[in-house]
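Several structures are given next for inspection.
First chain A sits with chain B, and in the next complex the same chain sits with chain C.
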Partner chain A sequence: MRTRLGTTALACAALLVAGCNGTSVTDDSAGGGEGQDGKGEITGKLQLTFWGGANRAAKTNAVADMFVKEHAGVTIDRQNADFGNYFNKLNIQASSKTLPCVMQLQGRQLNDYTKRKVLLPLDPMIESGAIKIDDIPKEVVDTGRGPDGKLYFLPYGAAYDAVGVNETLATQAGVGLPPDNYTWAQYTDWMTRASAKLPKGTFAAGSRGGLPNFFIAYQLANGKQLFTEDGKLGFTKESLVEYWTMWEKLRKAGTSMGADAQADEPEGAEQGFIAQGRLLTDSIPGNALTPASGTLATKGGGQKLTTLPMPSGPSGGGNAMFTSGFAIPTNCDNVPTAAAFIDFFTNDPEAGALFKSDNGAATNQKVLQAQLDDPELPELKKRELALYQQIVAKKPPTILYPPGYQATFESTFTRSYEEIAFGKKTVEQAAESFFTEANAGLGG
Partner chain B sequence: MKSSRTGREGLTAYVFLSPWLIGIVLLTLGPMLYSAYLAFTNYDLLSPPRWIGLDNFRRMFTADPRYLSSVRVTLVYVAVSVPLLLIVSMALALLLNKGIRFLSGYRALFYLPSLMGASVAIAVLWRQIFGGSGLVNQVLGVFGIERGSWVGNPGTALWTIVTLNLWAFGATMIIFLAGLRQVPVELHEAAAVDGAGPIRRFFSVTLPLMTPLIFFNLLLDTIHAFQAFTGAFVVSRGSGGPADSTLFYTLYLYQQGFAELKMGYASAMAWALVIVLAAFTGFLFLTAKRWVYYGDER
Partner chain C sequence: MTTVSITARPLLGRRRTRNPLVIGLVRHAVLIAVLLVMLYPVVWMVAASFRPTAEVMNSLGLLSRNYTLDNYRNGWSAGQLDFSRYFLNSIAITALSIAGNLFACSLTAYAFARLEFPLKRVLFGLLLGTMLLPYHVTLVPQYILFNELAWMNTYLPLVVPKWLGAEAFFIFLMVQFIRTLPRELDDAARIDGCGHWRTFSRIVIPLSLPAIGTTALFTFINSWNDFLGPLLYLNRPELWTVSLGLNSFLDVTGESAYGSLFAMSTLALAPIVGFFLVAQKLLIEGVATTGLK
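Up next is the complex of A and B:
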């Protein structure tokens, strides 16, 4: 009796151990062949991961549903998270080699992954015809390339950062919009003039000296290089001091919001201070015009928002192109289905019509043209896409972000400016420590 | 014959213990040992760890000002929040021990915050309450006091987290309350007959008898405070800001490990914390002989 009991317990224990070892998170092995060229049977399980809020998720899921409908035997397991946490989650999945077969990436983080060789090059899949790039401009495709020149993600949406302006507040303050091809000096002067005439509780600008996107635009307009070949800081300490001094002047004059108030800003462009009518101008992603305007419309007074290109400088415009797209990790064992999905998401006209350039303008020119030709395209979306075309016409540069960009550069930049704004460091001291910290964490 | 039977019984015992044993070996001890190894390596999660000896520990104390500032923030937090929590819990336990009506109702009510205690939802609420136009500033506004955001100012952000921790005083209080009910009434009566007032009785009768529980709560709350993470993570949105004012040790560890992919360094930090906690616990046990009074000892 006792023996039997012991055996049963042993069996239970064995089961437990098996349970521990058997829970593999990615089980993509159900279908498809080995093909690293993306050729093979399109079937089985696929995991898809992307960032974004509820709206983006609904649209992405709709496209995934459409793909499943067209390919019997495919099931897609979807995961999404907000932008900030998305990459932490991805890192953990990467460490346990359980990255989802279709994973969304941007140039900002691409080289964190190319450096560690966890992504499959897509070039063989393009050669085999599994993924098509015929209708995507070459320079846009190139934004998905790593330092070795191979393509690691296929950009499906091209976004840009814009300067958002609350037109209603600008008119009330009697300053109108900044002139065409306005410079940084004109931009800050315009803010200063508006500042005195804005209603109580609103500011001309946020406390934005710590916003990396604005700084990158400033450097581009001034023709400075952002990163060196080996991934270290490519601009000078003096230019950073100059930049932060400019913001400090605005803050001290009360033109921009206090740094403590800035910390209260809710996350996401949809809820940001400019969307709430508390700022005259701020940097917002170009494709945030629609959602931010939606929020602003609820704040009364019929307030309207518009977007402008980033301020210009001696080297021309300050805009850069940011693309988002899907990559396939080396641990994926259903490459054909993953490749087919990426091709579908990027190139299928119906999928494009469903996704509506939600994460930047569709890179597939036919998909984009179909949206532009659509008489029912909302006015704001039209503005987003028109500004995109205006920026693209100027051939904006693509920045090759070094490994560690997001984790080191962005967080250190923001924190260093906080230290200035809260009086813990002078501009010079903060620039000094920023250079030391950022260079220690970047590249390599 | 007999020994084989004992052996079999031993085996059976281990078999029944196995779910727990497997759990602790695979999910706790194994990862701990592995992290001890990682502490001496350069490990970015995605490529194999590379042995670098004591470099991680050296970097902590010589080349990483943010590490030292995370130590400073955590020490201030522990030094302020633990005594405060003990005092408030004890005071409320004394109040509730007065034999008032609806005692169990109050007890449940006071325990409620602890149930929600360090949850993300409450921390999110905290951000709102201490924000620029949050509840606290609205109340202060009634008295004509105008203030900026509490969570957005490096001078006050840490204190909002101290109050968040204090808010969950219930668990500590319940333990104190249980202890207070064990204090023999005869001792109080005898002291009262001898002419001791309530304050004298508290310090000479209640407090000495409560020392074992104070010891227990002090130990637990301190360890807990050293490991505080959720409040700071949510209130600062994961940044430890503004200007590193809420960069708790564990938060910095998390940033290093999962955002900056320095898992070797993060492991070294984790082990440094284990060593500090072990030293603190050892120190507390050593001093216990001097101030903890167990009623049954002579």
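Up next is the complex of A and C:
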């Protein structure tokens, strides 16, 4: 017995040592001083990583090939995976200090990385002229900044969330589209009016109180701050209660779908309920218009989908921009080439023409205009880009997402609302526990 | 006809039918119902893979008026290379992994089951302990290690550990199996002049076929389905495995090709089903005799 105990203890101790070693992320911001302004010889190996499926990979590769052609001596090693897996891999690369020199990020995750000091600021490269931002609206560039005000990724594509409306159902129900600059009150009222006249099995809206981007739009329209300087929740519990109560009213009246049905919604723009013709309206990513319309067109009678800006409020439009762009990590040993590639990908007209705003509208205004002027641009894609132009013209506010946003805020928000919709908690209780949980995981 | 079983089950106090036909019917009805529930998603996927792209996601039913092979045609040639390459890569990795696991695990298991050496218990305890460590705990150190060895973009990180007996579960499985073999056989072999190598190769291995079959099958399934390993270590499309190829059909931030995804998933399942059918007898024997649940 004693030997067995001893054996177990020894084995456990050895495992603890094995398990705890090497997984800690150290906080030193390495990175040699050379080439930090992005000036230098553009040559050698470059690693590029981005998220997306085969279609986007083909377009990105075409741009990378063009860059290689223009710069003799450069080779680009590419990696891609779909969104979720991309970040799984990126996190492992970050903790082992092997991040690829050109890596793709969004504002939503940016500060998970800036907090751990694994990214190089791009400002010196902009000052030296290695990266140009002249043709990108200031509001858009600012979405790539960290809490210290430095630019950590250069947004090349700007996505926005829109309100998708099934035009066919709206016409059938006799309510038409919501008016220009419609408010949240007008939006919910419009849903309620349509609800009675919708065909069986379709709802005016999904059970969407748990959708983070919808809530962000609500807060922005009402002029509320989302996060404080130190990365905690910046809005009041009351405003959250008010928002969730609005959704609960819709759900209880049968205007929106039940929570159990909503929980069955498949992922992806092509399969969402609005694409299947089961909803009159829903919040969808702006670039989901094309794929969702594709599915909807196969439904009885060929239904049509359109997108509108988010509802407005006292502070104007509720749209925020979700930009994607490339960053350079501190462990990069080929900064000049990385900077040149980022500049090329974002600003080169021919590169833009190849990539065709595949991941959000091109942020470079000239590149975007060239695409809009292209007579071969499909009508739906034109709508996606035109709506982006409308939104950016209103100078949307920049949201600084705190570290832990994607991991904590988004999942907790969705779960908290589900607890209400499934009748486990009252709106007040859920708001209370959401505040505690989110504040514990955010910032720091 | 029913009988009251008084002597056999006095505690139950219920009438039980003994009619084998009724019992058989009920048992089969339940089994078939469960089977249908479990198989339906797979059958649905296979059916969906034959529907035109626009109809793939349309219904929970199986039937369509327009069946097509387009998904297979498009899916096979999709991506930066085609699936014949991905299948070849997967087959190569899987074959090397199976060979490695059988080699390393059977040798190690023989040592733990039959040899006496210092610290045997501690080492065996450690081996079992490694099964308690979740994969994710060792992921980052492993990644750093393989990166330092310059093994990125090679199959080495996926295959070499198998040849070094890194899969404790299979070693444990074989140790348990070899322990059930009568030692008298070893003794008889020794009297006939066999050393350890001959005892191992002539006596233990032929008798351990069920455990070997189980190990081979599970290694096959694990390597064939492995996604995270190839995702981390194989960047270049010409090295991609089937699972990475399938992933490239998906894009939640853009457009996904579900028709092709289902078509290729169906093809990717075929080897597993085939291997299972071939190794079924060994597997069931292995499960029954090693106490694997």
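Everything that follows uses one rule, which is that the second predicted complex is superposed on the first by the 406 of 444 C-alpha atoms of A that agree within 3 Å, B and C clash if a C-alpha of one lies under 4 Å from a C-alpha of the other, contacts with A are read in each partner's own complex, and residues count from 1 in each chain.
Here is the rule we use: a residue touches a chain if its C-beta (ideal position, glycine included) is under 8 Å from a C-beta of that chain, and two chains touch if they have at least 3 such contacts.
Please read these numbers as outputs of a predicted model, since none were measured by experiment.
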Partner chain(s) touched by A:Pro397 [first = chain B, second = chain C, both, neither]: neither
Chain B versus chain C as contact partner of A:Gly294, first or second or both or neither: second
Contacts of A:Ser95 with chain B and chain C, given as first, second, both or neither: both
Partner chain(s) touched by A:Pro147 [first = chain B, second = chain C, both, neither]: neither
Contacts of A:Glu267 with chain B and chain C, given as first, second, both or neither: both
Contacts of A:Phe422 with chain B and chain C, given as first, second, both or neither: first
Chain B versus chain C as contact partner of A:Gly316, first or second or both or neither: neither
Touching partner for A:Asp82 - first (chain B), second (chain C), both, neither: second
Which of chain B and chain C A:Ala54 touches, first, second, both or neither: second
Comparing the two partners chain B and chain C, which touches a greater set of residues in chain A: C
Residues on chain A lying within both footprints (that of chain B and that of chain C): 3, 10, 12, 84-85, 88, 92, 95, 267
Chain A to chain C touching residues, read off their complex: 3-4, 7-8, 10-12, 14-15, 18-19, 21-23, 51-58, 61, 77-85, 88-89, 92-93, 95-96, 98, 159, 266-271, 276, 285, 287, 290-291, 294-295, 297-298, 358-359
Touch list for chain A against partner chain B, complex: 2-3, 5-6, 9-10, 12-13, 16-17, 20, 84-85, 87-88, 91-92, 94-95, 112-113, 116-118, 258-264, 267, 404, 407-408, 411, 414-415, 418-419, 422, 424, 433, 437, 441
Residues of chain B touching chain A in the complex: 8, 11-12, 15-16, 18-19, 22, 26, 44-47, 65-66, 131-133, 148-149, 151-154, 237-239, 241-244, 255, 258-261, 263
Chain C to chain A touching residues, read off their complex: 54-55, 57-58, 78-80, 121-122, 125-126, 128-130, 132-133, 137-141, 143-144, 147, 153, 227-228, 231-232, 235-236, 244, 247-258
